[in-house]
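The structure follows.
Read from first to last, the chains carry the letters A, B and C; within each, the first residue is number 1.
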Amino acid sequence: MSEPLLTVENLQTQFFTEEGVVRAVDGISFEVNEGEIVGLVGESGAGKSVATSSIMRLVENPGEVVGGTVRYRDEVLVGFEEGPDGERRRSPEMLSEAEMRTRIRGREIAIIFQDPMESLNPVFKVGDQLREFIEINREVSKAEAREIAVDMLREVGIPEPEERYDDYPHQFSGGMRQRVLIAMALACEPNLIIADEPTTALDVTVEGQILDLVRDLQAKYGTSFIWVTHDMGVVAEICDRVNVMYLGEIVEQAEVDDLFYDTKHPYTEALLRSIPRPDQTVEELNPIEGVMPEAINPPPGCRFHTRCPDAREVCRRAHPAYQDVTGDEPPHRVSCVKYEDVGYEDSDPLETAATGAFGGGLVEARGESDE
Amino acid sequence: MSRLRYAAGRLLQSIPVVLGVITITFLLTDAIPGDPVSIMLGPSPSAQQAAAIRAKFGLDQPLHVRYVNYLIDVIRLDFGQSLYYGVPVTQKILERLPVTLLLLVSSFTFALVTAVPLGVISAKRRNKPTDHVSRIVALFGVSTPSFWIGLMLIILFAYKIRLFPATDLVMPWAHPSAVDGASTQLEVVLTALHHLVLPTITLGTLQMAAFTRIERSSMLEVLGQEYVKLARAYGVSEGKILRKHAFRNAQLPLITIVGLQLTQALGGAVLTETVFSINGMGRLIITAINNQDYLLVMGTTLMFGVVFVVGVIVTDLSYAYVDPRVSYDDTD
Amino acid sequence: MATDTSTSTKFDVRDAEAEEKVEARVGLRYTLSQVRRDPTALAGLFIIGLTTTVALIAFVDSTVFEQLSKIGFFANLGVEKYWLAKTFWYSPVHEPAGAEILRPPFGLTNELYPNRPGTLDHPLGTDHRGRDVLSRLFYGTQIAITVGIVSTGIAMILGTLVGAVAGYYGGWVDDALMRAAETLFAIPFLVLVIAFMTAFGRNLMFAMIGVGIATIPTFARLIRSRVLSVREEDFIEAARAAGVRDRNIILRHVVPNSFAPVLVQATLQVGINILIIAGLSFLGYGAQPPTPSWGQMLSSSRNYMLPNPWFSIWPGVAILVTVVGFNLLGDGLRDALDPRINN
């Protein structure tokens, strides 16, 4: 297999708040291959968006990437090394802020944000916003950039793109704006697009159209995607490979079919069970029980044990290793005590939110909204 | 075209406000105790003289008749005679209004030219020393009485250092022969600017401070918006984000405030004109009130009201110019 | 959304938006707990505490003792207006016999006394009648604090009423009240108040009432925008459905829900009103001599400020410090209410 396009290793991002340090992303690893759509799934507050901002080095104060490596082809976007005094410091290969801006952002990696209503600047013409980003990232003249912009608007299904070029964002519907943002990302011809819940703010029919559009365009341009979502349905529809995140960690990673048909982690199972099906009544829905604990004070041992239906005494003590459990290619990695030899079988079951002790009272939404 | 129609529509909407200003002033001036006739004719006029004057000015009529008569006069753009100065109110206003407008324009220019960069830098360097300094300047600016700033400036710059004069404001459009030491129009303008420095700072400091605070907080808000993050994610430089992507949006709250600060500044002009002995509208209205010159009071207040209304319309127009979401077609 | 451009409505849209975001955090207790951790707000609180204490002492020594001295028992004890000042310090109003006028502050000189620096007897110097400047400043605090708070109180009560009625009933009531508010805005504060005082009485009481009335629109607008958003809340619907009368809904539910933002505005407004009333006193519309007030001290200092600038500096510093106190506290309260600026 060829080298991955993007490799993330043990990435750590923390927020230094008045209340204490929040470990929003706590040592995640995954890669993205050429032409692949990789999902990043989890509930609100799992750290998905922080993870993507960390890759782009766009984490804002009081947040900071504090460890790990992010490699894009030969470029080191994030890199740390041990100093002579044992201090962790930025490695010299790590790109400078200016290099990130001129060589990576927009040009190699583009981003689509969650909220199409807020992502376009209300006081500038839609076309001009598109044109500006093309000009910056493709070294073309103003006129060429304009042409590319109009073509791209047509490509993403905006009718009469010549006329709409001069419209302002408020004259577009939510779905149309999201198309503009997709056009923006594709027009810069990046190799990787990070889509941060791009369909969450849209209604279901529009969501379907956008997913179809992305699938078609992805086939045409061969761009890789990191697709951030909380919706397992969207994952099934669009992703090749999936990473499931819980409280700043990746707990399971597999090809999309493996994940759905050979689920290993109880959290993934719970997520899958929680997808509403048309044949279910409200009473039959299976939400994940309990509330996700705060990342500022994560539970000891396995972070999911407070809500896990399979939790045992040992889960409270042992932090599970993240490892391949099938030995096949492609690997299926999971982080659960069940697959380790630490005495899970002999341990006493725990009473958790999901085992019925406090069930019912603590029914939590399955994350319709994200941060 | 639609912009013109919009302005006309707003002007029509402002009629109730102008009418309200007339009514309030009319009732207040009527309630001022004392007899305007005695001010005109001295302390003990003969009954005959007094009655003649009353009849001449319509003062013998009941309140509501006088009110309606005044309204009719205003519609005919006739603001009557000033009792105190003995000249038409219009003449007096035309004489004084340019002075006050000059003062307003120069102090707002000063305020905006200093406040916008200060606010932007403050937001950009949030919680850094530059920010702290600019916030302290702004805090003191909104907490200091303007007339006291005027007194301090006079002591310091007009008396101790003798850098800027404190009196004898010259109009930049005055004829060179009327201005000491000036032979060309350019020299007149320079003299005028030299004389304007202290009054401008006196009147403008409060606006400057208020604008700085607005500019800082709105810039901070805009810098946190998704579209700014998006620009950053597409490799736009921080400088360009500030100058282009954030700047225009951040000016919207400022535009709204500039219009509202106008009346406050008109009030401030009363004090500034007093401190620097400038013969503008502010001192005119105080003289008029003190001397029961009711027609002059009415005329001047009405003028203030008109300046306010025009200011608000200009504000709305600039707002609509900057923000495409506001369309000219909806005027209620 | 922002297609309507008439001034009043535009502000309301903005206010309502801003309000909505802070909704979860408008609790008064939460606000106060935030303020406790904010050093600048605490500095403001300290200044306000200090000036209010001074004002209270001055109030007792002037107004309270003046009333008591009319009662035989106390008069026999020697109680009179400025009793404390006369006994332990300098009277702020009476010219001492053989006083030196326009003395510079302790250790400093001025043009009148180039070779004789000021002494500790009069640490801030004396005024044009030989009275102690510090004593006059001390007693002037009372007027500044009183007028600031009373005028704001008037504006707050009437403004809340007007705004609540306008917002709750809407329609023509709203239109009429908001037009009236705009009219008050169209006449410069100072001019309005001066005309008002000339008509009804050129003293401090009418200065307070005048400034209070002139600033009604500020509070009316604030409350109105709050009411517009609160009106749609479920609990209001519920109260209405339960047959609670309009007046009670406004008083019991709508107004208390708007309390926190009003508190912020009121704190800032006290500072603004102190400035306005100082300006009025400077023009001669305010406390009449010999009653000490900061604005009037500045006014009388004008004729003497060139030989003795100190006389003009002190009252201004006193106003500045007091108003800074209210602004610091007001900003602190607002930050506590608005998490966007806070974080």
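Criterion: a residue touches a chain if its C-beta (ideal position, glycine included) is under 8 Å from a C-beta of that chain, and two chains touch if they have at least 3 such contacts.
As the structure is a prediction and not an experimental result, all values here were calculated from the model.
By the document's definition of touch, subunit A and subunit B have no common neighbour.
The count of contacting C-beta pairs peaks for the chain pair B-C. Once the centre of each chain is set as its mean CA position, subunit A and subunit B turn out to be 54 Å apart. As a whole-number value, the distance joining the C-alpha centres of subunit A and subunit C reads 53 Å. The mean-CA centres of subunit B and subunit C are about 23 angstrom from one another, to the nearest whole unit.
In subunit B, the positions touching at least two other chains are 323, 325. Counting partners per residue, subunit C has no residue that reaches two or more other chains. Contact of a single residue of subunit A with at least two other chains is seen at no position.
Interface residues of subunit C facing subunit B in the complex, by the touch rule stated above, are 1-7, 10-11, 14, 179-180, 182-192, 194-196, 198-200, 271, 275-276, 278-279, 282-283, 295, 298, 301-302, 305-306, 309, 312-313, 315-316, 319-320, 323-324, 327-328, 331, 340-341.
Taken together, the subunit B residues at the contact with subunit A in this complex read 225-227, 229-237, 245, 248-249, 322-325. Remark: subunit A residues 56, 58, 101-102, 104-107, 110-111, 113, 115, 118-124, 132-133, 136-137, 168, 170, 181, 184, 188 touch subunit B in the complex.
Contact residues on subunit B toward subunit C in their complex (touch as defined above): 6, 10, 13, 16-18, 20-21, 24-25, 28-29, 31-33, 139-140, 142-148, 151-152, 154-155, 159, 217, 220-221, 224, 253, 256, 259-260, 263-264, 266-271, 274, 285-286, 289-290, 297, 301, 304-305, 308-309, 312, 315-316, 319-320, 323, 325-327, 330-332.
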